[in-house]
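What follows is a pair of complexes built around subunit A, which joins subunit B in one and subunit C in the other.
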Partner chain A sequence: MIELQNIRKVFNEGLSSEYIALHDLTLAIAAHQVTVLKGPSGSGKTTLLSILGCMARPTAGRIVLAGREITSLPERFLTDIRRQTFGFIFQHYNLLKGISVIENVMLPAYPQGEPFSLLKKQAADLLKLFNLTHKAAAKVEWLSGGEAQRTAIARALVNQPEVIIADEPTAHLDTRLSREFMDIMRDFKAQGKTILIASHDPIVHESEVVDRVVQMRDGRIIDAGVI
Partner chain B sequence: MFFNPGIIALFISSLLISGMVLYASFYGALILRYWDIKSGSETQLNLERRTYLISTIISYACVFQLCSFFLFIYTADTLHPFFTGAMCAVGSLNVNKWGFPTVILKTITFLLAGLWLIINFTDNRGFDYPLIKVKYLLLLIITPLILAETIMQSNYFLGLNPEVITSCCGSLFTADTKGVASEIVSLPRSVMEIAFYGTMMGALVLGAVFYRTGKMGYGFSAAISVTFLISIASFISFISIYFYELPTHHCPFCILQKEYGYIGYFLYLLLLAGGLTGMGVGLLMPFRQMPSLKETLPAIQKHLTLISVICYLSFTAIATFQIIFSNLKM
Partner chain C sequence: MIKSIEKQRNIIDFTLSSLWRRKGKNLALLVVYTLVVFSLGSVMFFTQALKNEAAIILRGAPEIIVQKLVAGRHELIPMASAQTIRAIRGVEAVKDRLWGYYYDPIGRANYTLMVPEGMDLKENEIIVGAGISRVRQVFRGNALLLRTYDGRPISLFIKGILSPESELLSSDLILISATGFRRLFGVSGDDATDLTVTVLNKKEISTIAAKIVDKLPDARAITRDEILRTYDAVFDWRAGIMIAILAGAVLAFLIFAWDKAAGLSGEERREIGILKAIGWETADILQMKFWEGTIVSLSSFFLGVILAYFHIFYASATLFEPVLKGWSILYPEFRLTPFISGYQIAILFFFTVIPYTVATIIPAWRAATIDPDVIMRT
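For the complex of A and B:
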């Protein structure tokens, strides 16, 4: 369970360019379900995902993750939670060019300090799961859109996170690949993972895999959906 | 006033340190006043973010403060050729009334800055800022002392007059004059030897007990503090003469000079580091049961104890070696 309590996020506070991205959001997100944040650009979905995933801190408010308040944690503790609890799939995938597919997948696990051979095996298993074994040694800039997306998903899973966060994952995919993505999410849900997706793609929020759609606009929740 | 690199460096560093701790104290006071970890208010979250910057600033200020202690002594020592009658730092410090009070205050701020660093290190190991109020309270105690030290040090440097005929260490650290130094020198040697080796042994035994069992932490810390003072007195009373190989020379500053291989810096570093870490153990004792420190604090205290014991053992070993193998036989 992830509980948001009066989350507020202000950028450039006190300046003429001050912008309130989130207005006192309160929301409870159930574990082991697929929750979609739906809303137009600028509605605050990405900001909220960043805060939920401990990549940004709110201006005010608290987040409770599995009974533990996490927004007050010093950075060194927050880093561990971010690394071990969350797997991120970014809109533009954020794969590192110049290194291979398998190296990209292994990258988030390096700080964990596991033996390299074990890490490599885990990454190879994930690539096999996503039919990317033949691309393991290829540079990521040579991948097609679908392959890049699956590499990004594999990378998000390498630390075996409980929560998967995906920001507009289908924005650059055609219909077939978007449906393929949702099929993968179905498998994750079956494995008991909690999935949070920000998207305004109907293929995502109208999918039967999704348990709840939270509608946002102008940094506010206009419909919290049905739990 | 002299334009000496050491003086200029100390002037600038003291001003910088004072500015840093003043800035940090302002936010420290805000943290003491408004900190509420249970609140999700904007003020609280702002303080949580701000404390990283403030802690970093104070950490640097404290490290500078530790270094400035040794730089001050070194500068005072290098200035002595400019004053008639001075043979070491004692003569330079005696040129005006601000010299020795500045050294004493610098020793106090050295210890407090070190203790702050220990508290801060421990606080950073807890997930809920367990010692945040303690460390900012300590900062509010340190800040006026650092400001006072900056003023006293400035008065000392600005009041350095090469026309002044000063007294050398030989006239200060002798049994024939009045004052704390002469009283220490006058103490019976056998009493001081028993006190030094007795308290040192007691502190080391308590250190071993605490390291192995986690008990007697307060006792160890108190013993280390007492041993710190007795070691300084013993150095003046009977240890120093074996380094100088002169039974009447008790100066604690001449040993900082090149003729003695600058061994004094190392000995004082051992004493200060050992004293500081030992005192740190006692300072942390009340927080051993804090939920977020329960697992990490005993390990931190063990490390501090180990450092303290090694420093004091090394000091004792060097002093004893010198007493046994010195050309001076008494």
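For the complex of A and C:
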């Protein structure tokens, strides 16, 4: 579904602080599977996720999404693809403080131009799915860690994306909540979604729901795992 | 089309929600912004309204006024001078006028006394302006007690109160009969305060004014246009002083607005990053910031303009009165006839709303063009 061909990412290119985050990576991610990027801090997992999710452009190389070369698309089109194809769950959840849980869930869908009432219903359905209906009107800063995470997952799903991208999703969760998160991923996989997770948490990469573990170190793939 | 409208509605909805989240900062901005619009608007409305009042009055003013001067000061003019002026070709009519000022220690105000043309008033009858009626608490049918030039009391009966259509000059006005006027001020029957001249051909006004001065070297001839120009200059000058005083406030506001609007906080930058990461385009963020700027600046603008309108036309410009009025004849309180020009509103809009809106968009554009992946690392 997603193919990376000779992807290279350099930060501060040409400066004394130049840093090569990814070295000529080639990787194919299969659809409807759970793929985990595993590696220590600084191994390039987050950078690779950003490039896979059309958040950042590679310095060199090509990205092919569902047979379409997307590397050279203008920002507008890339944003459109990002919004419709990918749902993101960030390490720190990145919920907007000061607004309600339901508003946070609706946020990615605002630029779609769907009627407000329809968006609200979609968001309410997602909150119901994650047992958060009673928190819909609450401000996100009042939520517990588990509730905040489920809100972030609901937000990632509001545009019904095909691919879920999660960056260190269990980094701030205890064992019970981490296992709960993997149970939710199992449900997504059963629904046919493609899931990409960057993590060095054993609860994640040792989970039976994971189809493939890609090991990284120093911006290189050291084990592409079994497809 | 419908999708794009819905999109704008969604973005506006989020913008309102965002504004409410930072209500402390935004309310402070709204208050300061409103005050600036209010101050500038008040000066503009007041100046324009005064000029407008003056224009209303001068519409009925004589084309030329002839006054005698002694040592550069205005003196009573002998009525015989009217004959000399009538002899000038092109003069249609010459009329004598009686008017003057009276300082009333009870009302602590100067009144303007005038003998009206074609009004049938008995020797002890007067018609007073609304301002005098307010200050002295006298109404139709009451008597107003004044003192003659030699200190004797004189009781004048109020036949009526003047309508407030143009209070600028009628507020402190007393209309009195010629005999009453001469008795009050001790003016002899051979003299008048000044003479008014009407001219057959309006294009000849300045030529005839020159001829009058030629024939009466101790007199001056003032044309209507000159009076209008003087009013404009005086009011513009006063407005200029006021604006100069306000310039400091405006500058402070600009710095404040720039700081609040332009300097995006770390939290705001983070939010822009999140919005981009979850699928908002740079254009969507700019639209949000545009709506934010527009909502704050338009609310302040309308609030400021409405407050200025009430301040000037209903509260008699209480805050600016000492600076902007300052004419001794205006001591009695008066209310201006409401008058607003589209041009003024446009200028006020241009100098307050546009700069602020621009100030909010530029930094947002700078923040919105960063790669969304930055948020992955925070």
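As a working rule, the second predicted complex is superposed on the first by the 227 of 227 C-alpha atoms of A that agree within 3 Å, B and C clash if a C-alpha of one lies under 4 Å from a C-alpha of the other, contacts with A are read in each partner's own complex, and residues count from 1 in each chain.
The criterion applied here is as follows: contacts are C-beta pairs under 8 Å (C-beta built on N, C-alpha and C of every residue); 3 or more make two chains touch, one makes a residue touch a chain.
Quick caveat: nothing in here was measured; it's all calculated off a predicted structure.
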{"item": "Superposed partners subunit B and subunit C on subunit A - clash or fit", "value": "fit"}
{"item": "Subunit B versus subunit C as contact partner of A:6, first or second or both or neither", "value": "first"}
{"item": "Of subunit C and subunit B, partner touching more subunit A residues", "value": "C"}
{"item": "Touched partner set for A:76, first subunit B, second subunit C, both or neither", "value": "both"}
{"item": "Touching partner for A:55 - first (subunit B), second (subunit C), both, neither", "value": "second"}
{"item": "Touched partner set for A:92, first subunit B, second subunit C, both or neither", "value": "second"}
{"item": "Which of subunit B and subunit C A:108 touches, first, second, both or neither", "value": "second"}
{"item": "Which of subunit B and subunit C A:116 touches, first, second, both or neither", "value": "second"}
{"item": "Angle, in degrees and to the nearest 10, that opens at subunit A between the C-alpha centres of subunit B and subunit C", "value": "50"}
{"item": "Minimum C-alpha spacing, chains overlaid - subunit B and subunit C, in Å", "value": "11"}
{"item": "Contact residues of subunit A, present in both the subunit B and the subunit C interface", "value": "57, 75-76"}
{"item": "Residues of subunit B defined as touching subunit A within the complex", "value": "37, 40-42, 44-45, 48-49, 52, 124, 127-129"}
{"item": "Contact set on subunit A toward subunit C in their complex", "value": "46-47, 49-50, 55-57, 75-76, 79-80, 82-84, 88, 90-92, 94, 96-99, 103, 107-116, 119, 155, 159, 167"}
{"item": "Residues of subunit A defined as touching subunit B within the complex", "value": "5-6, 8, 57-62, 71-77"}
{"item": "For the subunit C and subunit A complex, residues of the former touching the latter", "value": "2-7, 9-11, 13-14, 17-18, 21-22, 267, 270-271, 274-284, 371-373, 375-378"}
